[in-house]
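Each of the next two complexes has subunit A plus one other chain: subunit B in the first, subunit C in the second.
This part shows the complex of A and B:
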């Protein structure tokens, strides 16, 4: 998919999130990470903000997107059926293609 | 890196403070579309009461606003920051103790209610407060919002299930203290525990709670009924109570909302008309008798269709709870179909005496028609608690203004009917005006002065969740 089409598709999916947080308890990475960005709700919101151009990528944001296991457990719990792996995969591709405002150094962190 | 964040790192340790703007933004949004007007400078993740104490003493000296947060699933803006520092309890999520003999669970504030119930089920127990957001909602958030849920008519709200608390005060030393008891009976002077429950993080920060727990019911029979006429549904609900039965759950959705659910989410049963979902806890031996009585009563009061289940497991299998469960996603889908992507729903939380429910529902539908706003209506009919959901587009100023005007109108309706503007969600930012009007109607304007005085005693510098409640 060309970058413009992908951006639109990912943004549409990310925009469906109502931010209820029902997905978080299912996420295997959230409780090992230092903050909400290591869970599905956080990843979708970070992707949305990057794709809408509200913010440039930061080290924390990139670590958040690239620590997702793409297991899809969150999709099962989401009342609106948001396809979180699609959002994360799409945001990663766009970031690596350099269309989200450049590349930054990222170092994933464990909680504590 | 901001100067405040550097100081917080020096105070609490490198790993407990985050000031990355994209991460900070994750703690500045709520599920009803409300957002912080000003992003906080940092998010702090305490791992102990001592961490909280150090932070509050620092914030007191420096006059820094502190916004305690659980999972930010509350409605009405209770947990939204405006600058300052967010205090997130994600890392204080341990269940410290379960004692069946004492009938208590001792937990940290970041434990999610659903996770607590999974643990308690191993003992044959439950925590009966079940907000619709239980999958996300934390104990600390539920305490501070004074949460209720579907089982509210039988079990009440958080104020009935919190026995003791460890709290930290926003003072010079960040004083840590325990209040309340580990027993159901407790006369410790003025009831400070109940003052903290529902105080929305404006008085003190909760770092541990002693919760009362209840045995799981032996069995629950379930009936799902649909009515053409609203009055018939209300009369059925009233008759159940008049016959001396206190259902475990008694949920309502109006006919248009049932249509919305069917249209946007589908339904495993033929769902048409106003919905009444009733669950009654029973001894296993009484299952058949109670279910016959319940289904018979619902039909006698004019139900066009009644679906029955002999247990909660059977009700789940047959999807009898699905229509009610689909309320929240259907509300959001409906809002977005009507107003475009990005639309959200403002959720009301009024309660009226159950005897005035029919008037309340009619009044809400009148406001919906007058304002011409997409609105879905559901609620906990057993305790008179209704949750009209008003669709709006948070990015469209006119849409926001109209939604807020309708929101105020419905709060006034509740007050006129002798009810309250908030049953279980809390005041937050959205209902401050409603609270004032409700107290005025009671001739209790002085109550607000008393509340403000209490706030000053606990939080003299107004640094804890400022701008909320009073």
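This part shows the complex of A and C:
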């Protein structure tokens, strides 16, 4: 199982996002992906919805989380300093542990 | 189980069974050190975490994946998972690295070893106990497998009497400095990067250049050094002292741009595009690119295609500080 308190820590961090989108220009994967889930704001939103139980994992959600480089460029641009790599990595861990619902088939892909 | 899950499980299973995330020959991680006769016992150890040594194998595996990816039909991960599931014995998956790449990464490690000696640092080497840190498991969210592995690695380091380890790449440095303390009870090791050790020795006058390289190079900061560990100025001071005139790309230091490497296991085409973007940026500033991470070294090297020469900082430094 993931470390105790991981869910709370990830949720708290994701909950600080103001959805301003300043992070998006810094993300190396967003412009190559098929939708906004391939960028930091999308990934934080996906993680938050999964952790709050508002959504179940879908192939697109899982592909979004697993194509993140964890490079942290978004964190530098974020006016609130949201630790996006912590959110994404934590969401991966909780997903793989089955805490967010069942595993689904994911097909990471490029735009177009 | 989905295709992505199968790849992740495979990775975790390899680490569990062999200590490494993909098939590698026994002893591959300490072959570089054999000609050096480094001491086997001490309190300060050079711990490479085998990431430089793994890089040529990862490169070869990714190239195999790309060949599959170019065929029409199902997505890469699905195809790989299908190919893998047909192989009953996982050890039968052959990964053949480029011998020139193997030689390159081994040269980098011998350069680090020589530099530490030139700086008067006393250290021992772990040889067969120089185990992979497991950082990829952590990054992918395979926490359970990571935790088991990290505890084994730490136990081995303690058995060897380690009190301090000197690391050689950003990912292993981050694993031991920032992640192990959260997963390994009682973790108590001082973790320093060779760049920090050498920079300190340079400042204290214990490390002096014996030659000036007189070359111009553009520096590529690894994300993990620049944004997670704050190792930014140390390599610059060392390279300048070595007589390297440093050029900065448009995105550098904390604002550095990823080489794309971390995506290579999930979506190689994405990794390639990002490497292409970064290489274009770097090659626009200089024809020698200096990196500080094995993943950057391989990814940018592959994307260079004659536009620039991609070298590891350790190799340049070793030449200037008489540690070659």
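In this text, the second predicted complex is superposed on the first by the 108 of 112 C-alpha atoms of A that agree within 3 Å, B and C clash if a C-alpha of one lies under 4 Å from a C-alpha of the other, contacts with A are read in each partner's own complex, and residues count from 1 in each chain.
The rule is simple: a residue touches a chain if its C-beta (ideal position, glycine included) is under 8 Å from a C-beta of that chain, and two chains touch if they have at least 3 such contacts.
On a predicted model such as this, the values are computed, not experimentally measured, just so you know.
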Partner chain in contact with A:24 - subunit B first, subunit C second, else both or neither: first
First (subunit B), second (subunit C), both or neither touched by A:61: first
Which of subunit B and subunit C A:109 touches, first, second, both or neither: both
Which superposed partner A:75 touches (first subunit B, second subunit C, both, neither): second
Touched partner set for A:46, first subunit B, second subunit C, both or neither: first
Touching both subunit B and subunit C, residues of subunit A: 59, 109
Of all residues in subunit A, those that touch subunit C in their complex: 1-3, 6, 28-29, 32-33, 59, 62-63, 66-67, 69-73, 75-76, 89-97, 103-110
Touching residues on subunit A, where the partner in the complex is subunit B: 12, 15-16, 18-22, 24-25, 31, 34-37, 41-42, 45-46, 49-50, 55, 58-61, 64, 77, 79-80, 109, 111-112
Complex contact set, residues of subunit C against subunit A: 1-5, 8, 75, 77-78, 138-144, 182-183, 223, 227-228, 254-258, 260-263, 266-267, 269-270, 273-274, 277
Contact footprint of subunit A on subunit B as seen in their complex: 15, 18, 20-23, 25-27, 29-31, 43, 45, 47, 71-73, 88, 90-91, 93, 112, 114-115, 133, 135-136, 326, 328-329, 332-333, 336, 341-342, 344
